[in-house]
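Order as written gives the chain letters A, B and C; numbering starts at 1 within each chain.
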Amino acid sequence: MTKEPSERFDVLVIGGGPAGMAAAACATENRRRVGIIDDNPDLGGQIWRGASANPGSPAANWVARVRDAGVRVRCGLRVLHQPEPGVLLAEGPRGPCLLTYEDLVLATGGRERFLPFSGWTLPNVMGAGGLQALVKSGLPISDKRIVIAGSGPLLFAVAAYLRRQGADIPILCEQASWNSIARFGASLFTQPGKLAQAVSLKRELLGVPFAANSWPVAAEGHGKLSSVVISRSGKLERFECDYLACGFHLLPNTELPALLGCQIQHSCVWVDDLQQTSVPHIFCAGEPTGVGGLELSLMEGQIAGLAASGTLSRAKKLFNKRDKLRKFARVLERTFALRPELRRLPFPETMICRCEDVNYRSLAEHTSWRAAKLYTRCGMGPCQGRICGPVTEFLFRWRPDSVRPPVFPAFCESLAALPNPAPTRSELTGAQL
Amino acid sequence: MSEQIALSVNGKIISVPSGATVAVAVMLADEACRTSISGEPRGPLCGMGICFECRAVIDDNPHSRTCQIVCQAGMKVRTHD
Amino acid sequence: MIKKTYDIVIVGAGIVGAACADECARRAMNVAVVDCDVVGGGATGAAMGHIVVMDDSEAQFALTRFSQQLWQELRPELPADVEYEQCGTIWVAADEDEMREVRCKETYYGQRGVPVTVLDSACLQELEPNLRQGMTGGLLVPEDGVLYPPCAARFLMSRAQSRGAKTYFDSPASRIGKGCVRLANGVEFSAGTIVNAAGASSTSLTPGLEIKKRKGHLAITDRYPGFLRHQLVELGYLKSAHSITADSVAFNVQPRITGQVLIGSSRQYDVEHKQVDNTILARMLHRAQQYMPGLAHLSTIRVWTGFRAATPDKLPFIGPWPEDPSVYLATGHEGLGITTSLATARLLVNQITGADSPISLAPYLPSRVVSEHAHV
């Protein structure tokens, strides 16, 4: 089997979602060698998963634009760490490889925030984006009953998508208040593009009961989900269902930027107007700079790609549009802020750390993330705290640790790979194997 | 018209459309992917390869994230292993 | 400012400090422990957690063997989260030279009542099928074990607290001496005896103390039950532990009860930052893969570093500090802190109370003369 090739790039983009593709496509206009890598089997990221299945869609168009521009596309690759400045160690299906760059664009996207409640670990309880990803990956849901809950505009997009695939949605629960939702609706008038989307979504979701002020209290079932109990403006209601699609808005994936030394402020990667981070030659675009949705990601990606390739005047022309879209990001944050009642959902035996099976009771006796990690091993599993970290931050107001390599679990052989491994005297005087 | 691919999940032959992920095959087989440390059955949560709940053994490779791996004909998948 | 008064104030809440607190409290002494971090948050939290006998010197053997026996006595009282397992150690010989060392160890331990078994190539392969083929053999030490250090430290500290020990974990100590401990936040303690159990930070409190930081890296895999059954150490480990100046790595792996494999080890001098060094990590893992090729395809989920406290002659300081009669030392344990914590506490508190000790104290006394020859 041939090994995973190491390659040099003028501009390397990490993340094949909308921001990454926009950056890569724009970077080719002024630089010879542009590469884009992503962990998923195809380009598109989360929101545009399965883009190629829809020719003519904006998603498919960007994928085509990236490929036509001659960008070197490598899927199935995960960055592990930085062995030296200007070089990243990545791991793919054929082993590790070194990726060298002059300029780097981090478009690592966002992930769903999960919050624990009784039964949330049952099979068929998934994220909203999570279930959508599985359906796009071939899961049939025609005529299946799916309760959608949590928070954020993703719920609506997922509901519309699932409905198109034939699912029956008995209820869509948003934890934000009716007031917040109304204000959010009003704010869409200032963003015409978004308003059009909202109107078309509303059409698609006609007939789907929507409830603000609502959240899941318990998932029930033996061995897998069979029903969900919802708190609906204070009243409890049980819904039988096949799946629960539940996610509480999005979190920026800042682990790789943090590992590379980029300044993080309020859980987001700080960038200047040209999307450059605090580290020279490293740019960041999309959700990691602040969760703001698709259009903002595309705009930031374009600016980052242009800036990384030195086309500054073109980049500056996009500032206005981007800044307008950033306002929307702030509206999102306010609207879908988590309410305090959600902190009281877990029972003492509700699992918090799913990798290490640490329950609420075991964690509540500690006073810091550090202590909890040390004594219970919460956060020491393969998810590296990506799931339970935000949970404990919300439940206990614990602040997370600094990031250490590898920024994703890696095969030992990948971490043993180096540009120039040089054995020392001790290793040579040991047995020659 | 997408072609179908056959693979086995815990010895049972499952047919999936080409391009489907192993996680989907496991769900079609009405199985959970893994058993947690305290004995709970677990399946995919995030769908994007970061939660590690969808892990199963694929062709003797343990801890494989089934939501990130596309089915190949003849794959042997074992859950709860 | 009202000073709080104790018989003993212990600076450092790692496993050594916790063991000392436990011992003091057991003997009804009025004891306080100060630290700026959680119990076991320093080298203890980063440690491999092995309980091993070592034959590097008579003094090292005496201390490790005594302490190992204390751990075995304590074992029934340890809660489940300490994860104590008597998995044994196998010292792996990769060639005939190393096999000769194996036989020397066999004689040495045999004379001192430590049960060991010499393994030939076939036996070794059977006991550890994931070791590379063609190893010459090894030495099995079945009474060695492993545990999870932060929870062990926490257990000892809780036991001390249940017997009246007090803890102050808000602020680091800024000055100790002449019967007084002062914290950075201004709180002061008056103590009959002060114990410096601050590990790698000991020298900042006791100037003139010859302790150097030796940085180590560790990596842990996901769960692969049955991949590894015993702690494995290459005989070159001792060469690595001996080296004073060079960065070195040596093969040392340990099974956790969870089925995770803990991979070490590395040693570096004169590095102050705790960031992971990807070069050393690569060399360490490369070395490990040479002994266990199957490691290559294990998923590694975390890497971290820690600072061992190293003395010039590789033995800890346990006893009174000659320059200040109110200060005792319990520090400088390098890679044997977990193992020797219990014995350290016993020997230390014996000295404070004037009780007899079952082993000679002389080799560990801070007052011992450390000649240039000790720097090997």
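Methods note: contacts are C-beta pairs under 8 Å (C-beta built on N, C-alpha and C of every residue); 3 or more make two chains touch, one makes a residue touch a chain.
Remember, it's a predicted structure, so these values are computed and weren't measured experimentally.
**Q** Counting C-beta pairs in contact, which comes out ahead: A-B or B-C?
**A** Counting C-beta pairs in contact for B-C and A-B gives the edge to A-B.
**Q** Which chain is in the middle, if each chain's centre is the mean of its C-alpha atoms?
**A** If we average C-alpha coordinates per chain, A lands closest to the whole-structure average.
**Q** Just give me the whole-number Å value for how far the CA centre of chain A lies from that of chain C.
**A** 41
**Q** Would you kindly tell me how far, in whole Å, the mean C-alpha position of chain C lies from that of chain B?
**A** 43
**Q** Find the geometric centre of each of chain A and chain B from their Cα atoms only, then give the gap between the two centres in Å, rounded to an integer.
**A** 22
**Q** Scan chain B for residues touching two or more other chains and write them down.
**A** 37, 63
**Q** Would you give the residues of chain C that are in contact with at least 2 other chains, written as numbers and ranges?
**A** 222, 297, 299
**Q** Which chain A residues reach two or more other chains?
**A** Counting only residues that touch two or more other chains, chain A contributes 381-382, 409.
**Q** Could you please specify the touching residues of chain A with respect to chain B in the complex?
**A** 39-41, 46, 111-112, 114, 121-127, 129-134, 137-140, 223-224, 351, 354-357, 381-383, 386-387, 409
**Q** Report the residues of chain B in contact with chain A in the complex, numbered from low to high.
**A** The contact residues of chain B facing chain A are 16-17, 19-21, 23-24, 27-28, 32-33, 36-38, 40-53, 63, 67-70.
**Q** In the complex, go through chain A and note every residue touching chain C.
**A** Against chain C, the touching part of chain A is residues 81-83, 89, 368, 370-371, 374-376, 380-382, 384, 404-406, 409-413, 415-418, 421, 423-427, 429-433.
**Q** Please name which positions on chain C make contact with chain B in the complex.
**A** It comes out as residues 222, 224, 258, 297, 299.
**Q** With touch defined as at the start, can you tell me which chain C residues reach chain A in the complex?
**A** 38, 40-41, 45, 81, 94-95, 98, 132, 150-151, 154, 219-222, 234, 236, 239-240, 243, 246-250, 263, 275-276, 278-279, 281-283, 285-291, 295-304
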